[in-house]
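Shared between the two complexes below is chain A, which pairs with chain B and chain C, respectively.
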Partner chain A sequence: MKTRFLIGFIAIGLVFPLHSISQTLPSGQSIANKTHTRDEGVSLSRKLTMELKDKRGKIRIRETTSFRKYFGEEKRLVIFYLTPKSVMGTAFLTYDYPDASLDDDQWLYMPALRKTRRISAANRGDYFLGTDLTYEDIKLETRINRDDYTYKTIGKEQVDGHECFVIEGLPKSKEIAKELGYSKTKLWVDATLWMLRKADNWDVAGNYLKTIEIKDIKKIQGIWTYHKIYVKNHKTNHETIFRIDEVDYQTEINDDAFTKEALVNGL
Partner chain B sequence: MKNKPLTATTFFNKVTSHHKIILTLSIVIMIAVSLFIPKMTKDTSYDAFLPKDDPILAFRNQTKETFGLKDPMVIAIVNEQGIFNKKTLQLVYELSERLKTISGIDPDQITSLSTENNIVGTDAGLEVDPFFEIEELTDKKALEVKAAIDNFELYEGSLVSNDHTTTLIVAEMLDSYDKKQHEVYKSLMKLLDEYKSHNEQFYLAGEGAVSGYLIRYIDEDAMKTNPFAAIVISIILIFAYRRLRGVVLPNIMVLASVGVALGAMAAFGVDFFVITNGLPVVLIAIAVADGIHILGEYYETAAKHPEFTQKELVVVTMTHMWRPITITSVTTVAGFLAIAASSYMPPMTYFGLFGALGVFAALVYAVFMIPSAMMFLKPQLSKAYKSDQKIDYFGKAMAFIGKVVIKYPKAIIAIAIIIIAFGIHGASKLEINEDRIKNFQADEPIVKADALINKKTDGTSYLDILVETPEVEDIFEPENLHKIEALQTYVETLPHVKGSISIVDFLKKMNQSLNENNTAYYRIPDDRELIAQYFLLYSASGDPTDFDNYVDYDYRLANIRLRMDTSEYNFEKPVVDAVNTYLSQNFNSSTIKATSSGKVTVDAHWINRLGFNHFVGAGLALLVVLLFAALSFKSIWAGILTIIPVSISVLFIYTVMGVLNIWLAVGTSMFAAIAIGVGVDFAVHTVDRLKFLLSEKGLPIKEGYHEFYKSAGRALLFNFLALALGFSVLMTSSVPPLSQFGFLVAVAVTVSFIGSLTLLPAIIYLVKPKFFSTSK
Partner chain C sequence: MLYRYIVIGFLFSMGVHAQKKQNTFREAFKASLVIVSDVSYEFKNEAFQKSEIILKPEFSYRLNRNSKFVLKSQLYTELNDNLERGFSEDDMASDFSKRLFIGDRTNLELREFFFYTNFKNKLRLTIGKQQIVWGETDGLKLLDVVNPQNFREFILDDFEDSRIPLWSIKAEFDIKNINVQFVWIPDNTYHITQDFDAPFFTKNLFQSPPEGIPVVINETEKPQHFLNDSDIGFKLNTFTKGWDLSLNYFYYYDDLPVFYNVLQITDTNNPYVTISPKFERQHLIGGTFNKVFGSSTFRGEIAYIFNQNFPSINPNATHGIESSNLFKSAIGIDYIKGEQIISVQLFNDLITDAISPYNRDLFETNMSLKISRDMMNDALNTEVLWVQNVNHGDGYVKPQISYWANTNTQLFLGSSFFYGNESNLFGQFKDRSRISFGIRWGI
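What follows is the complex of A and B.
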């Protein structure tokens, strides 16, 4: 009797396998929401080295010190360039507002001009300071956009030995697609840490555009922190590597560090 | 050599005994080699004129790779009412977008008003935005675009014509579509046709388009000239022998010759170039000659010896003929090989090599295939050779020429001297020139498009200058940037240079934009670090690949792109020379170096060699022919006599070129070596026959001459007609260089023929060299 019951159970499982999986996987939207609940600390200082490589293998290296602080939902980021010498002291400041309808504010301080220039509201899909990441990518870091995509969870896969949910997102409208520069996105989200580990993106014309990999995720001062981002643009063969060192969540950063005046004063 | 007829007879006895296997083999080989022909790829690019390892070509390819430069398709949109209106700009946008979906076009390398960014200074910063967004496009917005372009010196002339009636869309092709430009060209024309109903006219030109157009153009041309040549030759054969086999057998030889030459090219992976198009016609005209002489001898023998069996007829014919046809084939091969040996340009080298192979194949087929095929046939008489004493009109005409020669030998020599004098003068005034657009008839759409774009905009010919500095970011050094700016100012004063673009133009625009659009700031900033920071600022809102064509990734190399409104060598060469002189004076230090490159530099480099190649090739062909003739006749004087008519024919052509203003260009530069190799045949036959008649047979001079003109003279007449008319077929080619080549060779062959049958006998008649006197 027991055996017969078991066979019946297996048979049902075979007939309705999709049904059973979709029940076990969380929805894409809920995964996206979950990535925003993760603790990222309030203030953060770190050394960020940007390594940019063109298709001929020529490399530009820019070392920076960067500070980030959450003001409620609003995120402020400041980057001071240390090298190359020609841009030493150049500083970049951005205010990311949680309200998507508000354009973010950005400034660049140019020491040779001794002036701070406001950078016109960039499209979210514009490239960030010559890297392969867009302003939107920088804003979200390991989080996932909650508002602009219709998601579908398509399965589970391992990335760097970690179990990840795989979700696919399509922009909700053509306008959004154009603004973001993506017509489709495929995301691998760590199933226990709720951090993005890998993303594939397609351009507006549907061409395979780029792959982002977030690596070396380690716990620093109790917070899960990535130490490397690798981006490859498949269309231009351009590559970007962000290396992160000297991560510190504990030293509190003064609010004044995120002002135009602070850019002028430097580190 | 005359002690060998026994061996030759034995040889041809063997050939005729194994005729079945030889014929089968001949046909199998011919078909097998020809099967490679469909594999042939066409290369109509100008780069093909230099070997892959040529330093200047290699440097250009490296520059192209560094800055991502490719051969573009250039679409001009013309609206005589002006292009700055909603409809025309909408069209620019739609075409730019549609181009991205066309296979072969690099979707990221399209340059037009709808893809390029405007750099604008705002009260607080720098804005890098498209000139217009399609959603916001109105007639009013179109006028703003006009104002923006007026403010952006860089794009005036390069993207929009100064009179605002024309705008360009430049689309670069993917490297994988090299040699398939014609497919891309076709797709683009189809695309433009869809938009035809509008007020605007479209024109398509540019390097890529010219290559694509040429591929299709030479294809169509070959479809026309090759069958035409075969028909002309067949008609001559019908007149010569009035027999089916007299037409079919030489035509099989022609097929073998052309099939082996082109099949071998394809099998060795050699590309089909523009001038290769002339090769089949040239081979058709040349290969048929051996057949004419063999069949002439055959019918003559058949008329004299009606009692012979077919085998006897064939063996006797071949025993008589193998020697003269070998000599004439070898001299023709020598002409082709002289081109191959003297030319630095691969298309001409291969023309020479495979032309020589084709002529050699014709000889092999003449010696093996023709006797074997004849063995399947019964003995036959030709109406043209009724009996041994009766001669037809052609024979009579030739005999008349003989009488004239004996009557006026001095006048003939005087005329020859005048031709020589004019020819030397003509040679000294030869104009070496080349223009790729002259590969087409003047009324072809591509020619019109090219002319329009060259007239309205900065032009379609590019000269690139690569600037090198030793360290990373040295390009930011204001001193270096000022040097680049001064170079641009200088080159723009040169004739036919309509504009130039470099990183300096963008930098000056940024500087102006960041200083309240004040035109006083349209200059290079003085501070290296400020310049570096400008570029960082630009990257905060512009596309990081925007300057790829003008500066390399670590700001060590820069590219200055000059645009010229002509592709004619005569105008390109002085510019290249002036640029090189300037560079050696101003860009020749440890801190900055520069080298010219780009299509214009590459062209000037190889076209410059054409003249040298031409004279070396002609000299070499003459020398080889002289040596060969002297050896076969065992007399240096006989050798010199042999080359007199061809030398005069070449000199005559120089005069013709001067009078008709024909350039010594790619196609025409090959005429001399070919004309020598082919034209010398008449002199070879004349000297050979006259020696036989006068010296060996010991005939009195007048009788000997009469005998010579009516038989050998008649065969030579048909040989000449086949050659002259065959080459004349090339004159019907729609590719002007080929038609000029055909014309020049046809004229040269005519002069050689006339010279060999008038001047040579006249000299012999007057001088009476020992070589021709009775030995008995």
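What follows is the complex of A and C.
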């Protein structure tokens, strides 16, 4: 009888802590959803500097100015290259639709041709302008993909002294994994700000691929804003540092800044 | 006269924005310099075909959020004086657009100088010397006829360098979701073609007179009137349901003169040919479309030109010229897979009337294939372009590698191989095949 009671007690004791963790930790999907509710402002202008460092330590720097604006739920983003001077004026425009089944519309203006070329946005896993982030990574910024992964919350950890939920995501299908370029993702999401602070990704073959760290998060004009993203590709040993400056959520940006014609007219 | 209009335009626009807050000079003024050096070695002649250094300073001054001045100039030096031999008078350029030659090898050019303003988010004006580019195609042009071109390297030069900017006004505004663009171009500057002894003299365009018969070439009859001879056009552009669509109209002088020719007899009964080049007007109507399907972009362009003139082999043709409407079309697909782009284009030209044009068929087809691949996080790019005329079997292949050595320096190694019959457009340059090395640096 005693033995039976003891086994029962241990069993309850084993189950109870698990039950209490699952009660205190939100689900991975709810964390992903929550990152989309964060205030990002209606419009944003900023300077984005991309520092590309190869495995031999050679550094190339690309400076850009970008503008982003929400049109309802549709997000439009335009990026103008400032340097290198020989490609100054190169510009990239994207319309990101709220309907996940719709591909983004994207245009690239090439000053050497003086033409705006429509480009496919179907390959979300392609690398963005030579950096170590994919187009999908760039599009999400510090939010979490809501539709393509099955998430599991695996705990809480501190990143740079901030409490984060740790969630693991597996693509819902092989096709999605191939499209995104990841077979698994592990994400550290700030438990207070609902911003991604760190991510580890594995490639389609299951190899450890890259680490993304989001740093220097501070409030600008009342909105939590990151100022640095560090990305290391463990396969190629290539690194990218994104530095964000001159952030401005308040200056109004004209709607016609997000058109093909605006790419041609430049900054 | 032209300057007066432009200055009035500038003053008007500046006055409109005078009440707006001025930036500090440091924020408003931007300057940059790009230096390009390019050397090409010609296989056939075992000699340097090109050895050029180009300095491209650029300045911009932003008056406020909506207005700016842009100035782009160029100092061009061709060390071996081969592509444009000797001192050029720039006869095909208007007085306002001539280059300033310093000796045979060097010239200074005001490439672009314009004022841009966005007037109350309703009207966008670009006033001054500028490039206006229409169309969707790469390599061969259908609607990209607003600005003329310098053919010093045939079509091998970057269009950014070979296209000749013009003094013009571009006005843009929106009607609902349609962008309307009007262009007015009073600048009577036309294609710069090369002399008979230049490497890229396009001999296939001209019918040679019978051997032994002398030729008298009269001075080219160029349009002279500021208003009456200006080019005008418009473009309507919209983006709807995933389709990018444009409709274009242009009333302009063809940038190549028509070479009217007459066989005459001297007082001493000796025959000779008189050639009288003259620029002729024409109307063009056309349009473009593109749409993305999965990983591919499908794009196309059409142009219908009224009364295009052609040199004729019909002995009854008046002054050796026949005219016909000309329908041009191009369709292309760009397929993107990872860091690789495959681009295929098919061009068709149809002369609608039953005429007998010199050195071409009534229906001609060209095709192009471009494969490009970025590597090493876009530090290295390899590319090959193949253009082929289906009717005559001539064409060219242009492989190139480019490499970013550091933030500001890009290196190029490339080659151009022409093939085909010497009487055809590309084949005539088969002795001009070359290997090139270049460096581009900017600060």
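Here is the rule we go by: the second predicted complex is superposed on the first by the 251 of 267 C-alpha atoms of A that agree within 3 Å, B and C clash if a C-alpha of one lies under 4 Å from a C-alpha of the other, contacts with A are read in each partner's own complex, and residues count from 1 in each chain.
Rule of thumb we're sticking to: contacts are C-beta pairs under 8 Å (C-beta built on N, C-alpha and C of every residue); 3 or more make two chains touch, one makes a residue touch a chain.
Please read these numbers as outputs of a predicted model, since none were measured by experiment.
On the shared subunit chain A, the superposed partners chain B and chain C overlap sterically. With both structures placed on the common chain, the touch criterion links A:T49 to neither chain B nor chain C.
Touch criterion met: A:D105 reaches chain C, while chain B stays clear of it.
In the overlay built on the shared chain, the residue A:N254 is in contact with chain C alone; chain B does not reach it.
By the document's definition of touching, of the two partners only chain B reaches A:K235; chain C does not.
Within the superposed three-chain model, A:N33 lies out of touch with both chain B and chain C [touch as defined at top]. Once chain A of one complex is fitted onto chain A of the other, the partner contacts of A:L113 extend to both chain B and chain C. Of the two partner chains placed by the overlay, neither chain B nor chain C lies in contact with A:T65.
Of the two partner chains placed around the shared chain by superposition, neither chain B nor chain C is touched by A:T211. Clashing C-alpha atoms between chain B and chain C appear in just one of the listed stretches 97-105, 115-123, 205-213 or 439-447, and that stretch is 115-123. When the two complexes are laid over each other on chain A, chain A has residues 54, 58-60, 84-86, 111-113, 117-120, 122, 126-127, 129-131, 236, 238 in contact with both chain B and chain C.
Residues 32-34, 58, 116, 118, 121, 124, 126, 131, 133, 135-136, 138, 158-160, 163, 172, 174, 179, 181, 237, 239, 242, 244, 290-292, 294-297, 299, 334, 336-339, 374, 376-379, 404, 406-408, 410, 440-443 of chain C touch chain A in their complex.
Only residues 54, 56, 58-60, 81, 84-87, 90, 92, 106, 108, 110-113, 117-120, 122, 126-131, 205, 207, 235-236, 238 of chain A touch chain B when the two sit together in their complex.
Within the complex formed with chain C, the residues of chain A that make contact are 52, 54, 58-62, 83-86, 88, 103, 105, 111-115, 117-123, 126-127, 129-132, 236, 238, 240, 254-256, 259-261, 265. Residue ranges of chain B in contact with chain A, taken from their complex: 65-66, 100-101, 107-108, 122, 124-127, 129, 472-473, 476, 514, 527-534, 536-537, 539-541, 543-545, 552-554.
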